[in-house]
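Take a look at the structures listed below.
Here come two complexes built around chain A, the first alongside chain B, the second alongside chain C.
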Partner chain A sequence: MNRLNWRKFFSSPKWVTVVWVLGLIVVWEIGATIVAGVKRTPENVLPHLYQIIGSVFSTQKVNGTQTATQIVLSNAWVTLERAGIGFVLGAAVGFLLALLMSRFTAVEKMVFPYLMMIQMIPILGMAPIVLAITKDIDKSRIVIAAILTFYPVATNTLSGFKAVEREKRELMYSLAASRWDIYRKLLIPYCIPYLFTGLKIAAPMAITASILVDTLQGGGGLGCMMSQSLKHAMTIYVFWQIVFLSAIIGILSYQLMVWLEKLLSPYPKELRGNQGKKELTA
Partner chain B sequence: MQQARKLPEAFTGASDGVEIRIQELSVRFPDKSGTAVDALTHVNLEIRQGEFLSLVGPSGCGKTTLLRAIADLQQPTEGSITVRGQTPREIRLQKKFGIVFQNPVLYDWRTARRNVCMPMELMGIPKKQRTETVSEMLDMVNLLGAGYKYPHQMSGGMQQRVGIARALAIKPEILLMDEPFSALDEFTKEKLNEELLSIWSRAKKTIVFVTHNISESVFLSDRVVVLSPHPGRISAVVDIPLPRPRHLAIKDTPEFGALVAKVRNSFEGV
Partner chain C sequence: MKTAKILWERISSFVYPVAFGALMLILWETGILHQILGADTFTLPMPGRIATIIEENFPAIMTNVWATLIVALGGLTLGSLLGYLLGMAAAIFTKWGKGGLTLASAFNAIPIIAIAPILNNLTKDVSPDANIRSMVAKILVVTITSTVSMSVNAYRGLTELKPFSLDLMRSYAATERQIFVKLRLPNSVPFIFTALRVSVPGCVISALVSEYFAEYIVGVGRQIRENIVLAQYATAWAYITVACAMGIALYISLLVFERILLKGRK
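Coming up: the complex of A and B.
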């Protein structure tokens, strides 16, 4: 094969993905072999990939009553349900806050710096505080997921409200539209793609945050099982199954937002705002 | 130039055939660097009912500012504008202005039909009547077949036609058009010029049309108002006595050429 064909081979995006996945598998397997050679625990902390896949379909009861997969799935529901509730709440609060900030400059000036600050507190520091306040792991999961969601949603939606072209507003003004009509017919439909930019960032984050909150207490949930599994209170395969399941759910939650956006705003995002950019003063 | 007659308020309605009366209008606003610019100074103009009037001039002559002042999008610094004896604000609140912008200003998330429909939704017109009017308007601009297309699926000329249909859908008394065809290619522009004249002859609206294209203004108008910059002012009002209906072939006649030259020679300080 000559040089040109090789270049084509490697620059096609499909092959880039294949090469990456193959590379990761090779590195993983080398790692697993090395770790197996130096292990000081009865179970290999970094099992081979085929062992992890095998554990998914294994019928062996690992805690007396459930298989590894059953443990993962039953705990996944607890975590994901709270992450979902927090996500919806956070998105709603974020959207309403963006609406208020776009309507009243004073609100924006008052609220925006605090939004930034909340975002800067590490979630590891915030989670125990929220747990201490709510005294309930379920509520904490919801609150943390909501806090992580509402910032990207609020900022992106606000930038959408601000991006509306002057002529589009003037058209509404010339038609003597009420403020309610301006929001309903122009501003809210306009900022929906912006809202979804925020939602796409927030969805995987809400799930990660909810898993993190689980680790704080022993009351179940994916994070709780992960830490137990890491401490050898449970088979290590539970840990690895959760890692892969979380990654898959994160990607799926993103895809769900992509799909919802297509459903709600049926025009290509890259084409929005192409008109009306030119200034009108002459 | 038309002399603004001083009449008592009661007689300044539409009864004397004057639709829009502009008296001693001045508009001053800060430019980008913050210094005050005289966008318009001492403008006097009477626009007749049913007239097709063009405002033509180079950039910075205040033609768009004048249109925006009529539309209540720009507040006058001095002087007054009355439309049918009322203020522009009152006319705007009655939704009697149809505005076509330089850009089509379509809402990207709405199909052509729903864009045309939007102003009628604001007016609370029943759905059945809205649907009928939308079809009627799209038929008028020859776009009936493209009703379910989104703006990004249409050419610039089609988008602007949707914009015109939307402006006409609310049956405005006055159609204000701000360089509506300036972003289009020459062929599309000439075709739309002809279409606009045919729409105007059927709809019987007063049209105020802003352009920087002299030939376009002569082809379309009953009268061409020539504006000059620094400060923005009216330097001439040229009557266009060409016969109607007009077709593109009229542009090749010597009369047309003479009128274009007359408008061109009316500019000052360019």
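Coming up: the complex of A and C.
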């Protein structure tokens, strides 16, 4: 590798990210060292990263049958499955509603103000009451994740339907395309990038929701294990593992949507028109 | 004929949502909604009953509203200021700043639930008073959650200038400082509001969720949870209604504020 390539490597965005990550690790470790010197139980406040990583690979059983990692992973599955079902349901309902709203102006006028209102309502605050109504933690995980997915998908998809240029619609009419054909060949392909803008916002939210609902009741799930670990029912490292795992899952869920979008709508950006509503992507 | 049509357009965009809302309220009050959802009046009380509870417990509710509002707005202010400063730093040191912001938006995907307990532990020594130290922890949670969207948008506002405006400034022999004050700062104002539109509803949500994990029992979010634990669902619903009203009121005041401040701009 010659000198020029090195320079290229050092100015590449990847290297910048690596340096930032390293910097964060250094800050964390300095913090952990200070905390270790001051506190009696530093692992409750800020453990060293190697301690957390060590706990991932430790084979010590923490609750009789499972190691810390086994507990975390088996519960992660429960949480993720529900979040996933809710996410798919919410996305489907959101898409259908957007379709209805684009087809019938009356529906749009009826529902759209409420869609905007849902955005301002703290749905997560309603998690306990949904649990009380459904009386089943699995159902309430699904319902909350679905509601949170539903509105960014609906609003973004609708703005996708609306962003179709008038000329394109008129061209379809002049070709005597049926309504079905217009939707299949023009409108739906056009709104897919907008749909994904909504999905990208919703995916981490669905997971947050699912974890939050876990904390409300026993019965497994990441959130449940997290609160037990915080109450010292098991080693505190379960908590730290869950913190990192939920962060990683959140980021991965976003990346999964980016990847799916590339798979389903692989056109270069400039051909797609502008990307969704800016204030919603942020 | 044409004016009638336009008139109907206007009226219908008002009549339809109101009719829809009224229909839902009627379905709710008459118990049909309960049958659809399979709920009973105990877990899903009638709107009339919720209203009565809000009226009867008004002083207590207001205390909790204040606690939540301080957390939400305090965190929002701190987070937005911090976010704007970060965005400014990123706009000055573009190369490193951009990478940092990409990383920061990745952090946006971290659930609030993971942050809240950490901060609770970190702030144990801030004050001997449980009320103050959990207040600090809650405000910090909201700060973190509202920083990212502001920093990303501030960066965009400071760098996505109108074509040629930078060249024009250079041709006036403007210093970097002048460019910053006269071009970049004004350019970023609409972007600040874009960020706030995301973080204002967000700050209420984070405040409510951070209350769930806080040590000291106060705030609208905590009351929702405590009342459900006590099986007082009607009271919990009263607090949910208040929480929704708070979210909506904050958002509307943001829109009004934006209207006033961005008057004459597009």
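Annotations for the structure displayed:
By definition in this document, the second predicted complex is superposed on the first by the 246 of 282 C-alpha atoms of A that agree within 3 Å, B and C clash if a C-alpha of one lies under 4 Å from a C-alpha of the other, contacts with A are read in each partner's own complex, and residues count from 1 in each chain.
Please note the rule applied: a residue touches a chain if its C-beta (ideal position, glycine included) is under 8 Å from a C-beta of that chain, and two chains touch if they have at least 3 such contacts.
These figures come from a predicted structure and were not determined experimentally.
Of the two partner chains placed by superposition, only chain C is touched by A:132; chain B is not.
Once the two complexes are laid over each other on the shared chain, residue contacts for A:258 go to neither chain B nor chain C. Of the two partner chains placed around the shared chain by superposition, neither chain B nor chain C is touched by A:27.
By the document's definition of touching, of the two partners only chain C reaches A:113; chain B does not.
In the superposition on chain A, contact of A:173 is made with chain B only, not with chain C. Counting the residues of chain A that each partner touches, chain B and chain C differ, and the larger count belongs to C. Touch criterion met: A:189 reaches chain B, while chain C stays clear of it.
Shared interface residues of chain A (contacting chain B in one complex, chain C in the other): 278, 280, 282. On the side of chain A, the complex with chain C involves touching residues 11, 13, 16-17, 19-21, 24, 44-46, 106, 109-114, 117, 119-126, 128-129, 131-133, 204, 207-208, 211-212, 215-216, 223, 226, 230, 239, 242-243, 246-247, 250-251, 253-254, 278-280, 282. Contact residues on chain A toward chain B in their complex (touch as defined above): 165, 167-168, 170-171, 173-178, 181, 185-186, 189-190, 192, 265-268, 271-278, 280-282. For chain B in complex with chain A, the residues that touch the partner chain are 59-65, 68, 71-73, 92-95, 97, 99, 101-109, 118-119, 121-122, 150-152, 159, 170, 178-179. Residues 12-13, 16-17, 19-21, 37, 39, 43-44, 95-96, 98-100, 102-103, 106-114, 117-118, 121-122, 124, 149, 152-153, 194-195, 197-198, 201, 204-205, 208-209, 212, 220-221, 224-225, 228, 233, 236-237, 240, 243-244, 247-248, 250-251 of chain C are the ones touching chain A in the complex.
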